[in-house]
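Everything below concerns the one structure shown next.
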Amino acid sequence: MSRLLKKRETLLFVIIAVMVAIFATRAQDFATPGNLAAIFNDTSILIILALAQMTVILTKSIDLSVAANLAFTGMAIAMMNAAYPDLPLIVLILAAILIGAFLGAINGFLVWALEIPPIVVTLGTLTIYRGMAFVLSGGEWVNAHQMTPIFLNVPRTVILGMPVLSWAAIIIVAIIYMLLKYTQFGRSTYAAGGNATAAVYAGIDVGWTKFLAFVLSGALAGLASYLWVSRYAVAYVDIASGFELDSVAACVIGGISIAGGVGSVIGTVLGALFLGVIKNALPVIGISPFTQMAISGTVIILAVVFNARRERNRGRIILRDKAAAESPAEVAA
Amino acid sequence: MNTALQQPVAGFKTADAAILEMRGISQIFPGVKALDNVSIALYPGKVTALIGENGAGKSTLVKILTGIYRPNEGEIIVDGKLITFANAQAAIDVGVTAIHQETVLFDELTVGENIFLGHAPRTRFRTIDWKLMNSRSKELLHSLESNIDPTIRLKDLSIAQRHLVAIARALSIEARIVIMDEPTAALSRKEIDDLFRIVEGLKAQGKAILFISHKFDELYEIADNFVVFRDGRAVGHGQLKETPQDDIVRLMVGRDVENAFPKIDVAIGGPVLQVEKYCHRTEFRDISFTLRKGEILGVYGLIGAGRSELCQSLFGITKPASGKLRLEGQELAIHSPLDAIGAGIVYVPEERGRHGLALPMPIYQNMTLPSLARTSRKGFLKAANEFALARKYAERLDLRAAALSVPVGTLSGGNQQKVVIGKWLATKPKVIILDEPTKGIDIGSKAAVHGFISELAAEGLSIIMISSELPEIIGMSDRVLVMKEGLMAGLFERKDLTPETLVRAATGNA
Amino acid sequence: MSTVVSTPSEKRVIPDRLGTPFKRIMSSWEVLLFGVAVLIFIFNSLASPYFLDAWNLSDATFNFTEKAMIAFAMALLVIAGEIDLSVAAIIALASTAMGAAAQVGVGAPGLVLIGIGVGLLCGMFNGFLVSVMKLPSIVVTIGTMSLFRGISYIVLGDQAYGGYPEDFAFFGQGYVFWVFSFEFVLFIALAIAFAILLHATNFGRQVYTIGNNDFAARFSGIPVERVKFILFVLTGVMSGVAAVCLTSRLGSTRPSIAQGWELEVVTMVVLGGVSILGGSGKIGGVVIAAFVMGLVTFGLGLLNVPGIVMSIFIGLLLIITIAIPIIARRIKALSSK
Amino acid sequence: KDVKIGLVVKSLGNGFFEAANKGAQEAAKELGGVEVIYTGPTSTTAEGQIEVINSLIAQGVDAIAISANDPDAVIPALKKAKQRGIKVISWDSGVNKDGRILQLNPSSNELIGKMCLTLAKDHLEGGKGDFAILSATTTSTNQNIWIDQMKKQLKDFPGLNLVTTVYGDDLSDKSYREAEALLKSNPNVKVIVAPTTVGVLAASKVVEDKGLVGKVYVTGLGLPSEMAGAIKSGATKEFAIWNPIDLGYSATQIAYHLVKGDATGKPGTEIEAGRMGKIKIGDNGEAAMADPFVYNASNIDQFSKVF
């Protein structure tokens, strides 16, 4: 129990709960289940992108191209939908995932095979992918009336009281949780990012793990692109601009270490929800739109400060009694 | 002697065929030939001791056997079949497992995962079975007489506990060949006994074991065969019990040990550095000693005993919680390395690559780093002065390098160490702290470093020398401070220095 | 004793350097990049008849001078192993402060001081968070990026500041002599100043050492935290200087000013051969990279290529120029085997 | 070609400006010997537009017709163009006086403000009730002027009550969220007026998603092609826009005649503009084209194919 309380995730959850409670005093129905579900639904895409980003960050990389990937892939499938309205939706969704994964694989390949630092690679592909979205569309928009009703309606169809969009996020959260916790690849991401040398000693191919993480990130960005385009019923070059930094921010708030190897799915989801709650709450409680940016900046800084406080290097603990005193779990064991 | 080893199996009187043979292995690093055409064989149910000085190439061989390095030449034969290890997993698949010298583990993962990462038990759905993993980890640790909880994170463990985890990890792999690279270095006698019981068990199961240690008593206790490495070459092998220790030592160092340490007797002067009741929150406690002019104070202990931490706090890297420091009678507060350097205390770190040098930068820039204030004018660099200073110490230390502007990283370990020492001598210090000054450097450089240390002492410099090597400690020191688990375990005069007393003090039991 | 310690007779002389200076220079990144720049220049002059014109080229320099000023300081920061993504936001905040001051009648010199002063304060704030609080700079500056620009939004909202004094226009629109604008001359002067700072002073040496090995630097008595703090302050100050030039050039301030510049500045630094992992890079490279990026955008602009397509070129240029030496090294290693 | 005209837009990849370009090319063909260079920055920034202006100056265009991202910031660059003998006009989103010869408003700002209020009134039962504005970025010139006009003319619409103004930054997700929050915190709001396409689209999506069709209406300014979906869903009954094709056409015509010297563009004068007839320049150097046109279910299909 005391261990549960000490966990960052629990604390973040409490903070979010307190925030919701405070907002509820300013806007009566803010804390109603319906509204909270709406906030979750609204944050779904960010959650998916943040999980994509998290997987990459765990391997000690960063993917600044997620949003550009989303823009390109979204444009591509929206155009497919407009041009061939008869294509079944599932084909489009698969196409989105595949195109996204392919773009992710390009990033991954450059990181893996050429060992170019991930930040440089994705800084480059960030502009390239968005530029390609422009080239692909010639700058034209794909508008709602050009998209098929099924393409538009699926994400907001309500199943068991929740829209498909929310379900998509929940399923992705579950899949990524299982993937990271119960598969060899998942554990390899932690190992490769946490201590690359030790990972090599344990027989883990660090470069390959990074490659896979980028492919996964791309695939999730591809899936998110469908959700995005259908939700907002429009595709244009600038969609989701700036989301790469939001996804990083969600990870950072959720306690994912930018140095790799540390972090949890729950943390990331909470980090994304934290941003989601703030973004949704500020307009509702009537905070001037002009102060929102400063507030989110402050929140990010505070989150980083807070996370760092908890993670201070504790040294090697040579003195026996200190070692014992500082790891109560072993005493209990 | 070398040619005799071209047929590796010959020397061993054993009926069994080797499980694993390595033939004509060479491994070249930039600047060093770590292994030069070595051959070695491992037999079922036998413990083979791999013996050699620091830097002889033992760990390099281990890394080749575990698929971490791919040798430049040579072949590995398992069960009569030629094998190439493409990566570490390939070696595990063939049945090779190892306790590596450095604990290469994951701070942020749990103990259980550290033990099973890469070969975790799976459920029916091929997913990782955490429950089974933790319970098997618990059993493994239990067999080592440890009750570490497998669900806590590695970063919460002490050094010795981490070594136990590393051992458990090696044992968790169903292997036929078990390699142990200095597994006992951080363990107390009781823990060593537990380990040896396990080794006996492995022997009984017919596994082949390669055991590396610098402690002869342990080797004679556990090993059947031996191979001796010197300077990257296999220089002898045979049955350990039938070979006297002196012969092995002669093989190891290629000379008689007696005069290996050119200690110059100097008149020891008055106190220079007085340390009183130095304490750190988690690393060490109540350390007191006095260092005198011209004295070499050896600091001995098991790996992880807190020696480096003590010295780093004297140098201002970490903050002590309490205690007093006096330099030449003046009380001194050191908050940063800059303070220490200013006061005349310098520290040659143990991990040259990580703490001592900026490897991609040129030799001369590394050398002048702490002395820039002297070589520059008004904050502007003066290349000519830098080269002059670097040349002075390069020549004094007999540095071998193509030019002063080549990156330090291209030098051999010994020459790198000379650059670090030169860099600190250039600051004209009063006290120099040497942390494992000959770790991992070749024998020629090693003697040069020893000679140099003696000369420095003779010039009136006060020296603190951390070393894990008994011969070095005994051969070089005027007095020896022994540490055990962060505490002071004794301070011995030169006349009382014997391997037995030091080891007894360091491990806390005989 | 069988091992020889050292025999004085075989004392050899170690030369200072290897090879001729010419060979060393020819094999550097800067020469490769310079080649690229020359190629682009030739391509541009062939592709557009308007390119080779003194005034046009002079106008083209405005495309990069302000970003390059920040890039110089950012280069030092990146060499030391840190990064500052808040530079564009600092411009917004500094510009807003200048705008507010101009409204109450502060003159041009005062405005310059305010712009640079705000940059200094922002840099100190970043520096404090990174070197005193020991936080990772990449996330810290993502946070301050929103914070600084956010403050601009709070102050300005949907308004704009105009009404800068006449003589303030000189910094962004004035010419020093013939076609050479004040900005361009300042850019050259800063390039020289930063080259000296990085390559010829103790401070520069410390920056390299920290980037190559933070631990070794600390163990050598370099005040790592202080150096990093100074670098953040320097980057803030340069952002302030850029804010002065940009504000003067635009003659007005909106909170969205210089949006997205941080990535362009980082791109310029990386393209200039500064390793994003720290420890290596030269100011000369950054200067050439500034010209390359300026020439590419201006040249493509003359061909009326849409800006977003230009950014594809810049992205490709970035990845390819980083990849080429790596691939070359691979091929060399393969063929030597 | 003897006349080169640079048509600078706020950003490329925007349907409105693509349509304007259609009109400009039409004018160029009609006039003959005219080359229209359609260009603009990647994102709606003044700095980006200045780079584009510089490259047009370098190409020696004869005229620049700009829809500005910032009414002040582009002025120094445009002044430089003027010095090099280039005729500068602004259209759509204007540049302040010193930077251009004249400004061609798509319609008069008063009219647009009035139109928005009328649309709001028409959607409200009995023409009375609460409405809110969802704008683009806080710095968009046009939108800010129109919002100002709406506020000024509110007194002419008794019973209309402007509850709040929010900003969606012309980003779909932000506009969506702002609209959602707006409806949540102001349940009395029955109409959202969004004088920008991204805004109308996002708001009508919210109305649709929340099942508020028929209870809350969205209206404002948008392109028929982009708005067709919203009309179909019933979230919007009608909206207005002027014809961007005509706007691009007129801007090109005006620029051409200024270059040819057969018009001065001085306040009070008139300029020939092909099929649009004569355009009169007002005292403040601004000209207005025509009233915004209202689109609804009856004509949307016809126009959504055009622009």
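Here the chain labels run A, B, C and D in written order, and each chain numbers its own residues starting at 1.
Heads up, the rule we're going with is that a contact is a pair of C-beta atoms (placed from the backbone, for glycine too) under 8 Å apart; a residue touches a chain by one contact, two chains touch by 3 or more.
Given the structure is predicted, the values throughout are model-derived calculations rather than measurements.
Taking each chain's centre as the mean of its C-alpha atoms, the one that lies farthest from the centre of chain C is B. Here the spacing of chain C and chain D, counted between their Cα centres, is 38 Å. Distance from the chain B centre to the chain D centre is 74 Å, each centre being the mean of its Cα atoms. Here the CA centre of chain A is 43 Å from the CA centre of chain B.
Residue positions of chain D with contacts to 2 or more other chains are 12-13, 43, 138, 167. The set of chain A residues touching two or more other chains comprises 134, 139, 237, 290. The list of touching chain pairs reads A-B, A-C, A-D, B-C, C-D.
Against chain B, in their complex, chain C makes its touches with residues 1-6, 11, 14-18, 200-206, 208-209, 212-213, 215-223, 279-280. Note for the complex: chain B touches chain C at residues 254-256, 259-260, 262, 315, 317, 336-338, 340-341, 347, 349, 354-361, 364-365, 369-370, 372-373, 376, 379-381, 387, 391, 394-395, 398-399, 401-406, 423, 443-444, 447-448, 451. Of all residues in chain B, only 66-68, 87-92, 100, 104-109, 113, 117-118, 120, 126-128, 130, 147-149, 151-152, 155-159, 161, 281-285, 304-306, 309, 318, 485-487 touch chain A in the complex they form. Against chain D, in their complex, chain C makes its touches with residues 48, 50-51, 53, 55-56, 59-60, 62-63, 153, 157-158, 160, 162, 169, 172-173, 246, 249-252, 254-260, 297-298, 301-302, 304, 306-308, 311.
Chain contact summary for the complex, chain C toward chain A: residues 129, 133-136, 138-140, 142-151, 153-154, 156-158, 255, 263, 266-267, 270, 275-277, 306, 308-309, 311-312, 314-316, 318-319, 322-323, 326-327.
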